[in-house]
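Read the structure below first, then the notes.
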Amino acid sequence: MTVTSDRSAPTDAPLGAPAPKRFGGLLKTRELGIVLALALLVAYTAIDNPRFLSGQSIRDNLLNTAILAVMATGQAVVVITRNIDLSVGSVLGISAFAVATLMSNNQDLPMIVALLAGLAVGAVAGLVNGVLVRYGKVPALVVTLGTLYIYRGITYSWAGGSQVNADELPRHFLTFANDSILGIPWLVLIALVVVAAGSVMMRNYRVGRELYAMGSSPAAAELAGIKVARNLLGAFVLSGALAGLAGVLYAARFGTVDAAAGTGLELNVVAAVVVGGVAVFGGSGSVWGAALGALLLTVIGSALAVLDINQFWQQAIVGALIILAICADRLVAVRIARSLRKRDAHV
Amino acid sequence: MLRSPRTLLSVTSAALLVAGLTACGGTTKDSASNTGGDSNQASAAADPNAAIKEGLKIAFLPKQLNNPYTDVEVGGGKVAVEELKGEYKLVGPNDASASSQVSYINTLIQQQQDVIVVAANDPNAVCPSLNQARAAKIKVITFDSDASKDCRDAFINQATTQGIGESLAKMALEQAGGEGEIAVLSATPNATNQNSWIEVMKTELKKPEYAKLKLVKVAYGNDDDQKSFQEAQGLLQSYPNLKAIVAPTTVGIAAAARYISSSSYKGKVAVTGLGLPNQMREYVKDDTVKKFALWNPADIGYLAAFAGAAMASGKVTGAEGEKFTAGKLGEYTIGADGEIVLGPPTEFTKENIDKFNF
Amino acid sequence: MSDIDLGKRPSANRSGALKSRLTSWDSIILVLTGLVLVIASISVDNFGTSRNFTFMVLDLLPIILIALPMTMIIVTGEIDLSVASTLGLTSSMMGWLWNQGLSIETIIPICVLIGAICGVVNGFLITGLGLPSLAVTIGTLALYRGLAFVVLGDGAVADFPWNYTGWVTGTIGGGAVPNVLILIVALALIFGIVQHATPFGRSLYAIGANAQAAHFSGIRVARTKFWLYVVSGAVAGLVGVLWTLRYSSARADNGAGLELAVVAAVLLGGVSIFGGKGSLPGVLAGVVLLTALQNALRLEDVSGQALNIVTGSLLVLSVLLPNVTTAVRGNWHRRKLRQASAR
Amino acid sequence: MAEANARPEDQPPRLEVHDVSKSFGAVAAVQGVSFPLFGGEAHALVGENGAGKSTIVKMLAGVHRPDTGTLRVDGVDVDFAGPADAKAAGIAVIYQEPTLFPDLSVAENIAIGNQPLTKLRQIDRKQMSANAERLFRRLGVPLDPDRPARGLSIADQQLVEIAKALSSEARVLIMDEPTAALSAVEVERLFAVVRSLRDEGAAIMFISHRFEEITALCERVTIMRDGKHVATELVAGLSVDDMIRRMVGRDLSALFPKQDVEPGEVVLEVEGLSRAGVFKDISFSVRSGEIVALAGLVGAGRSEVMQAVFGVDPYDSGTVRVQGRRLRKGSPRAAMAAGMALVPEDRRQQGLVMELSIERNVTLPRARKLSRLGLLFGGAERDHAATWTGKLQTKLGRLSDAVGTLSGGNQQKVVLAKWLSTGPSLLIVDEPTRGIDVGTKAEVHRLMSSLAADGLAVVMVSSELPEVLGMADRIVVLREGRVAAQLTRAEATEESVMYAAMGQHAMGDAA
């Protein structure tokens, strides 16, 4: 049901223990699972077609993952707080178009400006979401569904059917996508930095742990005197900003940008996060898990192309994966619940 | 408690279906006589001397907006409509889906346009509403990609299918260096004209002079930049020895060129097909692309507008053999099934590309 | 939502109940819709015409039908995002079966059944395994759409018999009333009665507002929800059929993205995403409002995209405004208490 | 005289509650309560359920803002905008129901908000676990600091809560029934720690129903009743009886006594009912015309038993028979069909749907019987609701008002109406008079009595001794999920019941 509401049928939950998710210990194994799946997939594909492991191919996969991973990082943070941000696709669109226009109008702006501009646009969009959720007391699902329409609409009425072509964009902007230092493309580097930073923040910093706490038990978070409002806004701003950043990367990578850029992307992002082991009811999961989810989804895509499997299977497989992921989490939870009731049977 | 409403629902919905739909006996694919209903063909007789009416409302409905190729096409249309002293209008969906196109056709009918110039996203899905338009005395001209014959008055064909297919094959041969594997990166698998061109191309490839050329795969980029880009990647991963990618769609060729020019395959794999000079210029300049072809899309819109005007004025009806003049393009003759052929495509190279701006 | 803060609960006084009833969103939306229709038919050329009416009915057909069960689901505090994909899957299957040479009369019930099966899967995952409906239906959204493409690829099947496609797009005796309107009215009536005048309907609200109390009152929460998903799937299947026939084109991507439009319309109609609140008339009004706006704006040559802004804003406002008023009332009440006990 | 042997006069109380009132909607939870809390003293706060203790706690914790009155810390007026402020003021609270973060590690739960940091402002996990270790050693509990809080037993959760409070080096420690779930040993350890804190100068506020704990730990006690302050006195100067009398506020005889009825045939028969980790081997029976009370401490498993009997909760083994016929388990519908009705413990969460109208709430369990051809017509429901709310003299505006707008007492009447309207032969009432005003209490008691007189079999779960002693023909006392004693009306005294409930040897064990 809605991510923000606690009304999810308590009567359906296994009685005896509060509907649990999983032991922290299993968290690691959870991500391990994705890594294994990934390894198997790559191995199988590589055996069928060794070029799948060629530098070029790996590079392509990483490049394709980069944008999704950046967005998944932000989404993971929001979902961990027991919220959701469906507007990321539209935010990517608006930021991509804004930055593309900006760069095409002033050819010699340095790349860093583009990146900052994208981040800024996204941050503002995210702030609006956050304010509506926290102070408007409107569930995140509704808010971000609404802003999904609004931001997209703004982009369209601004673009008015026009589009920015590769040849209108400055060289250094386009090459940025493919230029690399030490063999690692900028795009991938940025994604790595974002994911790493996100993981560290969520693991090792107070604010990160507080975000987990908020998702784990909103009521307790209030009682513990956690600055819920500040953190929530922060989470949404982050998610927005990263979507904005993704917009810049998108523009740089694909050169041609129109108002439709990133339409429907929100579902892939949520999928990546869920597959990555972040529980929709918040409190558990990890940023790098989400990033792994993004990688897995992307690799599946290109593997299908390489294995010459009907590309149409891709979406079905993704869907099956999502369901598999949540079922797995649930089964673990139930088993724990049972073992607990036995253990507590001191009566 | 649940039983009652559930059965209630299923029963009634079933009942309604029966009531509404099964009014007539078992209809199967074979027994279905699908004549698109009231195909009101060329009604009144043509009057060759009729003057072109002024103030005609001519609306353009491309596959989707903000597609640069489309922009150029309808741009030509705009010019023509101004020459004809008509009212130009451009509407269109943001996604290339038939369903949203239908809504726009309905709207145009409401606004009582005189001519609808449409590029069908799905040859059949748009038919019912196009026929409603024609029933409302609106002339329907298709361009770019045709709707099924019985729901439009005329189709502006950018070039004979044969001609394009042949030149695609020819360019592929040159670019691949006479031999090796080639692949096609097309639009959507049910894009009418792309498919017909690919068919011709395939028959061409059977000829002896193409013996050494091997078409290994036809990939589909759905005329979506990102998708095409990734399909290009896929092709090169699955077919290491690929010599050339032939993309009979402007989106596809641009994406493919961009990928190649930025990848290690640059110089090894040739890209050719149908593209827009403005989009392709940088890749032609950096030698990723040696040669590609296209007709002048502006002329398509231009011709479509004139054809529509001629019909709306009763000058022609769409019957084979009728003639009309299309401004600067001169005289055209309507072919079989109301087809009007624009002319042979132009080939673009490093040398001549700067002469064109569209 | 923190269950601690009882202070949040608005303790409306006796007259407050009536006030809030009058100012409740679903009555506002009804008025709003009326206004839009009136203004549009006055100021927008060709809006009031009978043909345009037909077009509008055809445009709102899919949303309104899917919204009927969706309303019930959201009232119970759950959600079903997979409906549009179910629609796509049935559309694909319809095309495929048609190519297999089955008669349309057999295909149509089969398609509705396929939809119901999709619903069964959702229902089982959600009520059987107790998984969160949001995650589940996002998953099946991808799954069903994917299967749709697997079945029919990117191709399209078009040669459906004219008498059927004609029936869907046609009007009664060529008049102003489109045939499908019968279907809409009939289903709307059935769902309306079930939701608002049967014990089953009552239980939906109880479940949505407080599942535990419902359970304590002998309502079978899980089972109720399960069947809602089945019905939702079946209706989506039916709509898949109608969609295919209307565009006489069975495609895997039919109705892509429709789920958001439906949810938007339902919430716009005043149904609380937390469940327990909302009425069908409100939802119907919401759907009509959206479609009418779209239609009118298009006739005025306003880009359909500008409408996105309107839709989105309305959606947010539909929840925001009631909250704001509630909060204001709450504060006012507390202040009053403060003064009272100060004396 | 109290202050005399507490802290010296010159120093202001560490924490002071001054003429504080708080009401929720129509319910006045706390009215004009004042009492001081000195550093270095352990101060008990006692009162019946619904006397307003927890509300006081939540105000001190910064969860609720007082409607009127002020809180003072070290003599200075404070206005807590939220729990953060209270924390900052050095107030640590252990809530009745644990408030842990299931997904975080135990150590993290303890440290949340002020985790030890490395110089990079990162969390120093080693340090964090070490701190937790130290606290646990101090409390003498073997808990792994790095395991997640999810799945901890209630007792362990409670211990973590305590550790949490200790870790914050609070100057004021408030404990709302911290011992409810703890074993005697754990309680002793806790007390040792608390005493040492007190001796270090912290102010302790201790809420408990266990009088022997109060006498063991506290110097002074503040007694509350119906949201009002009754007295603040030295524990030494009070007998348990005095305390109870002041809590109840009237002699037991003052309560409406249940009129004697000749019990009829057996209606409910529970045999060997067990549920792992909740209750074990519960057996008792109820005859028509009889009121049987389930007594015991909070968490003894009384409500759980009755909910299992009614079918809202499952049970592992045992049988439930109604009028001799065995009842399908786990199905409230079957129970209702067999003529059972359950007025649950938690009105807000289990008894009523607050958002729905009074009318809808009353008719909820009977909607199907009221419908004609599967359809409901407003009239039928309204008449039905009107009749029953009328019978119970419920004070309400319009039947279409949300039930949440009623006062606690009238809400309870709506719940009773809802279930009595189903014409039950067995009525289970769980805490029937919790948090409702004295007047309504009496009405409810009168009602139950007359229902019994009409041959209804009644099972009453109650934490209020006077109520139990006043109303029950027989008393089944539960302790830690087992039947500790079955007392007849004659055998039952406060002491016998209390002792049985707390596990001290007493005549109760004979039964």
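To keep things simple, chains are lettered A, B, C and D as they appear, and every chain counts its residues starting from 1.
By our rule, a residue touches a chain if its C-beta (ideal position, glycine included) is under 8 Å from a C-beta of that chain, and two chains touch if they have at least 3 such contacts.
Small disclaimer: the values here were computed from a predicted structure and weren't measured.
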**Item:** Chain located farthest away, centre of subunit A as origin (C-alpha)
**Value:** D
**Message:** Between A-D and A-C, which chain pair shares more contacting C-beta pairs?
**Reply:** A-C
**Distance from the mean Cα position of subunit D to that of subunit C, given in whole angstrom** = 42
**Request:** Please report how many Å separate the Cα centroid of subunit A from that of subunit C, as a whole number.
**Result:** 28
**Request:** Between subunit A and subunit B, tell me the centre distance in angstrom, where each centre is the average of that chain's C-alpha atoms.
**Result:** 37
**Request:** Could you tell me which residues belong to subunit D and also touch two or more other chains?
**Result:** 63, 312, 368, 374
**Residue numbers of subunit C (touch at least two other chains)** = 4-5, 153-154, 198-199, 203, 209-210, 212, 214-215, 219-220, 276, 305
**Complete:** For subunit B, residue numbers touching 2 or more other chains are 1, 4-5, 94
**Message:** Which residues of subunit C touch subunit B once you look at their complex with the stated criterion?
**Reply:** 45-46, 49, 51-52, 55, 59, 98-99, 101-106, 108-109, 112, 116, 153-156, 158-167, 169, 179, 182-183, 186-187, 190-191, 194, 198-200, 203, 219-220, 223-224, 227, 230-231, 234-235, 238, 243, 246-249, 251, 253-256, 295, 298-299, 301, 304-305
**Fill in**
In the complex, subunit D touches subunit A at residues 61-63, 82-88, 93, 95, 99-105, 108, 112-113, 115, 117, 121-123, 146-148, 150-151, 153-154, 275-280, 301, 312-314, 480-482
**Prompt:** Once bound in the complex, which stretches of subunit A touch subunit D?
**Reply:** 11, 15-18, 20-25, 200, 204-206, 209-210, 212-213, 215-217, 219-227, 283-284, 336, 340-347
**Asked** Touching subunit A in the complex: which residues of subunit B?
**Response** 65-68, 92, 94-95, 225-226, 229-231, 233-234, 236-238, 240, 254, 258, 262-265, 278-279, 281-282
**Complete:** Residue positions on subunit C within touch of subunit A in the complex are 1-5, 77-79, 125, 127, 129-136, 138-147, 149-150, 153-154, 207-212, 214-215, 221-222, 225, 252, 257, 260, 263-264, 267, 273-276, 303, 305-313, 315-316, 319-320, 323-324, 327
